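Chains here go by letter, A, B, C and D, matching the order in which they are written, and residues are numbered from 1 within each.
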Amino acid sequence: MPAPPPDDIPIPGPEGQRDLDRYAEDSLDSGLAVAQTQLYVSAVEVGGEGRRRGKGLGLGAWLAIGWLTFIVAVSVLAQLGILPLKSPTESFSECARLGPFAKEGTAPGHLLGCDSNGRDMIARMAYGGWSSLVVATGAVLFGLVFGGILGLLAGFFGGKIDAVITSVFNVFLAIPAVVLALALVAFLQGAASSGSGGDNVDPKLLLILAIGIVSVPLLGRITRASALTWSQREFVLAARAQGAKPMRIMVREVLPNVVPAMMSIALLAIAIAIVAEGTLSILGVGVRPPTPSWGNIIGLDRGRIKESPHIVFLPAILIFFTVLSLNFLGDVVRAKLDVRESAV
Amino acid sequence: MTQPASAPTVSTAGPSEPLLQVEDLRTHFETPRGIVRAVDGVSFTLARGKTLGVVGESGSGKTVLSRSIMGLLPKRGTIREGSVRFDGTEITELSPKEMRDFWGARMSMIFQDPMTSLNPVMKIGKQITESIRQHLDVDKKYANELGENLLRSVRIPEPEQRLKEYPHQLSGGMRQRVCIAVALACGPALLFADEPTTALDVTVQAQVLDLMATQQRERFMAIVLITHDLGVVAGRADEIAVMYAGRIVEKAPTSVLFSDMKMPYTEALLSSIPKIEHPSHTRLNTIPGRPPNLVTPPQGCKFAPRCTYVQPRCLEEDPPLMPGTQPGHEYRCWFPVGTPEGAEALARNRADQAVTGGAA
Amino acid sequence: MAGSGTAHLRGDGDSLLRVEHLLVEFPVGRSGLKVNAVTDVSFDILEGETLGIVGESGCGKSTTGRAVMQLPPPKGGRVVYDGVELTSLKGEDLRAMRPRLQMIFQDPISSLNPRRKVKDIVREGLDIWNIGDKDSRDAKVLEVLEAVGIDPANVERRPHEFSGGQCQRISIARAVVTDPKLIICDEPVSALDVSVQAQILNLLEDMKARYGLTLVFIAHDLAVVKNVSDRVMVMYLGKVCEVAGPDTLYSQPAHPYSAALLAAIPVPDPGTRPDAQQVLGGEIPSPMEPPSGCRFRTRCPRAQPQCGQEEPELREVAPGQYVACHFPLEPGEALTFGGPPSVSI
Amino acid sequence: MLLLVTFFTFSLVRLLPGDPTETIIPFGTDQQRAQLSKDLGLDKPFLQQYVNYLGVPVLKSEGTSGLLQGELGRKYATNQPVSDLLNQSLPISLQLVIYAQFLALAIAIPLGVLAAYRSGTRTDRAINTTAFAFLAIPNFVLALVLSYFVGARLKWLPTAGYQPGWLDQFFDPDRGSMIFSGWEDNHIRYMILPVITLAVGQIAIYMRLLRSDMIATLQENFITMAKAKGVPNRRILFRHALRPSSLTLLTVAGLNIGTLIGGAIVVEVIFGIPGLGTQIAVAISAREYVELQSYILVLAFLFVMINFVVDFLYIVLDPRIRRARAAA
């Protein structure tokens, strides 16, 4: 009975991988090996999916990669002005609110219609993709760098350093992420406008900072947990016994083992950040119009959903597939590297 | 194993029939790398009240053997062939639902690590009475009394108190006693003990092994004692089976095995163990190389690549189980230890080695 | 028994390692309780000798090994290695001593970094201390790897491509690469199969001869310890019970605990049927609240009221045999277990 | 912990560069600003301001009251006490979050167990794929989709507005009489779409979490042991495996309250529910920082409380922790 473990059964740590590699030769006897046999067994059972998981990536992963490549390429090319798109800010007032499924009919010359200001949807989504992706990626990079460093320090050194960093994380975590991001955007806007006396700071940068700061404790905690487990391994003790300095141990022994976990989380984090940008846009503090982002296209015209559903649904579909792809890829990477979900 | 469940078999066991009769049992796992032959044609019989010691290194298939006999392996991806007759019933053909009447009630099992084989969030009393309530038609109060008596019989102090505790509140040795109590709860006729003392200290190991021996005598229970430690089975098993690469390579009554071993693997295994009576710094005999890959095992004798007696024939022809001179003794070897052929083979190899060694 | 004392220590100048009154305690949570992991343990090792430390889990043998390495430094006592008092060193000075005494761990998998190549793992010690130039380091790495029996063709591989036994060989290579005099082997073979165990034990003897090593060999298996040791120390609940040469200890144990341990070993010989009367009862008491006086008294069949009041000191009962017991076994006397073993939790 | 949060939010608001009064009344005269500054106690040193804000007895300035006196401040524009606003909006959000959490758990637990038990089969993959899709739908998208199709097109349920429910009367007694029993104006009817919106993502998270923990548990020796005892599968799943597998789920469910509240903001704004989320959004766009500060504090307080409860449940579920606590 108890179900033979499925495709994404936690393979414990890198040493699990090692056992998988050698299990046919070694230790069929231990319970672990039996479990792993079951893993292989069920992998076969699910029609070769496991086989792919073991070696290649699988159809789903390739679809996901394909979609992301498409989105990134279109956004970048649009931003570089290489694509023959209409301007995202130019109004074709005769076409306002028109589009597929719109009450008032389709817009001639605009395949996917126009928004309520008569701006071409295709152009807005392509340029909007750039904003959304820049904000999400930037924020996650910010979070990875700072959260990573803090988490690594906390997990590796433990003691007082850990106590301080963890309690700072906890303060941030006690405030719901969206609320914190909202407050931070408001705060940073205030700071930027009074600091430089104008609004010439790119609002995307503010968003990157705000979402990035919110992601620091989240990513930091995951890094800390991973660094903590690896720091307790005997090879770290062995390095100390050889007289390696703490910094050397942290960078050479612990960090390389922590990085894979962070990379797989990064994909999920980008997905979350895209949604976060959208959420902030709906609440009116996202990327500032007229610069489009997927979030603010929806946010601006969500009141017209009854008459012109396409304005809301088209970017929503983009967000959905992008987030789905990132989640799926993150999961594939995680299954390959075994980062337990509980760490999230 | 998807044979339809047969009609309930009437126990045909006469008093002469052994309790457990395993014939040519094969357990293979389908894996992406190919078929793993974890158990590859194992046969033995075990009489009531007797102990069979199964000895092997990790990867020899001894754990899979016990779980395969009990039918505890997942069905999917597992190919199980051969016959297991338990008390006159062919149990390989039974569905898990039918097996449930055997599990715990007529055959049960204890594992290596007593910590992980007890549910950490369930009270000990519950874990003991669970199978009693499952298999015997008794009320809760009586089941509790039975549980208390069981704990007393495995010499756990203050059993009444212990029933209300959780596993982590006990020491390792006590936990293994609880496991034994759980396994004995419904008075099984057969107990599989899978490395029951490997995780325990020597003094505690001795206590637990003694406890098992006492219970075995009192209950006239048969035990399959699985271990990697020849020392553990030497004093406690009636018969010993040595496993290598999924097969029994030598099987004999305990005293015969130690006095007249025929299989070079058994000999090598025994001589690689440090002995108390040898002086310090005695050079140990080693077995070179590693156990074979169970997906693509070598042709011929599976031990041949590591064997000091190896001859060309061993690399080509797989030796069958051959009867020894003494009753009950079987082994798989073309050039057995202590026979003229064996001695000759060894001498030849030594000479060859001297030649190549000299040339180098 | 299970006592203190320094009677068994030999001349101050001769020993490579001298440990006096070692004390290690761990706090338990915030409860204020502490685990008395090692209490007042003393021993010494002559150059070229192998000291075996044997005992059951919780006896403090591994803690002793790590305390000698100053990982972490012990709470109390002195550790003198090669004329330097390690316990008085701090920071850089202590770090500078590290390459001179090394350690091998129990778990061959956990003790090697899965993301580094074998070559780099072994070379790490040389890199840290900038010993020699690049070529001489590579040469040294290949030399030690060859000495432990790892094919130089495999040095670019990562640990997961090796078996447990081979990983342990790599650990040994890593330990000897900086030319230490002393290596502390913490249960180096207990995770291995018997056939591999024999290979590693033989290898340790070879390496000892080849590199002029002195070993501390920590294990729970008495037969294994006897095989490699020149002197054996039996520990129980953070204390030393008995120190003696292996032949004396194994043929005439003076401490009841040593005798009980020996009696409990399963012997691979069907002639010696185990006798239930020979089994030591009970289990190790909590190290948070060790028994007063002799720590073994709660399980000792020879315990007298005196054992609860007075802690026995190590004393010489035969040439080279030191025991911490008020009522040691006489030569030839067998330990008798009177009555049923008292089982306590 | 809470103290740290108060200090953090307080600093955040006070450290706004420039004159805070300028942010609050950008077009006020100098005199108005000076008066405001005095009203808010901004002429005092930073730490004194903080102490006043907390309302620490003895240390605080005379005549002020702070958090410890239950004073959450006033909305500057209308001079409404923030606590009044809270009494109206907090229960609405609480009900939303509670319903969503229970709905999510009620669906996720059986599905998670089923998926783990049938792992690797078609059932499992179907459940898993659905979970993936659920996970990829942002709250705001789902809210819009539901309000469009179910609300606007099918006209089954209201897409905007709110009717008081059972919890409101505890905060604002006047609301007790406003509970309608008829279906048209029923509280539940207004909550269905927002609750589904909030719950969908959580279902996916909880389900996947439980599934993977459950699969790990099912490989434990004690499960084989239970099987070897002859225990039926259903009993093994629910009596032996579920409890040890639910610990991570519990932690995450506790932590996720924060996520839910965050999600509730968007959902409330989209469905026009006058809950705490809407208040926060309004406060931010109106630059009512004192008000915002109070809301953040209340949320942090709730979060800490919930995690206390989670810790307690942990002790109930896992006897090992019970012992560790007792020893400490």
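Remarks
Heads up, the rule we're going with is that contacts are C-beta pairs under 8 Å (C-beta built on N, C-alpha and C of every residue); 3 or more make two chains touch, one makes a residue touch a chain.
This one's a predicted model, so the numbers in the text were calculated from it and none came from an experiment.
Chain pair with the most C-beta contact pairs: A-D.
Remark: the per-chain Cα centre closest to the mean position of all protein Cα atoms belongs to A. Inter-chain spacing, taken between the CA centroids of subunit A and subunit B, is 50 Å. If you average the Cα atoms of subunit B and of subunit D, the two centres end up 55 Å apart. Centroid to centroid, with C-alpha atoms defining each point, subunit B and subunit C lie 32 Å apart.
With touch defined as above, residues shared between interfaces to two or more other chains in subunit B number as follows: 58, 67, 76, 96, 111, 113, 116, 290. Those residues of subunit D in touch with two or more other chains are numbered 120, 221, 224, 227, 233. Within subunit C, contacts with two or more other chains are made by residues 163.
Residue ranges of subunit B in contact with subunit C, taken from their complex: 57-58, 155-157, 170-171, 173-174, 201-207, 209-210, 213-214, 228-232, 234-236, 254-255, 257-258, 268-270, 272-276, 278-287, 290. Chain contact summary for the complex, subunit D toward subunit A: residues 1-2, 4-5, 8-9, 12-13, 16-18, 22-23, 116-121, 124-125, 132-133, 135-141, 144-145, 147-148, 152, 208-209, 212-213, 215-216, 218-219, 221, 223-224, 227, 233, 236-237, 241, 248, 251-252, 255, 258-259, 261-263, 265-266, 269-270, 280-281, 284-285, 287, 289, 292, 295-296, 299-300, 303-304.
Partner subunit D is touched in their complex by these residues of subunit B: 67, 70, 72, 76, 96, 100-105, 108-109, 111, 113, 116-122, 130-131, 134-135, 166, 168-169, 179, 182-183, 185.
Residues 69, 71, 95-99, 102-103, 105-107, 109-116, 121, 124-125, 128-129, 159-161, 163-164, 171, 174, 178 of subunit C are the ones that touch subunit A when the two sit in their complex. Interface residues of subunit A facing subunit D in the complex, by the touch rule stated above, are 1-10, 31, 35, 38, 42-43, 45-46, 167, 170-180, 182-183, 186-187, 190-191, 194-195, 271, 275, 278-279, 282-285, 298, 302, 305-306, 309, 312-313, 316, 319-321, 323-324, 327-328, 331, 340-342, 344.
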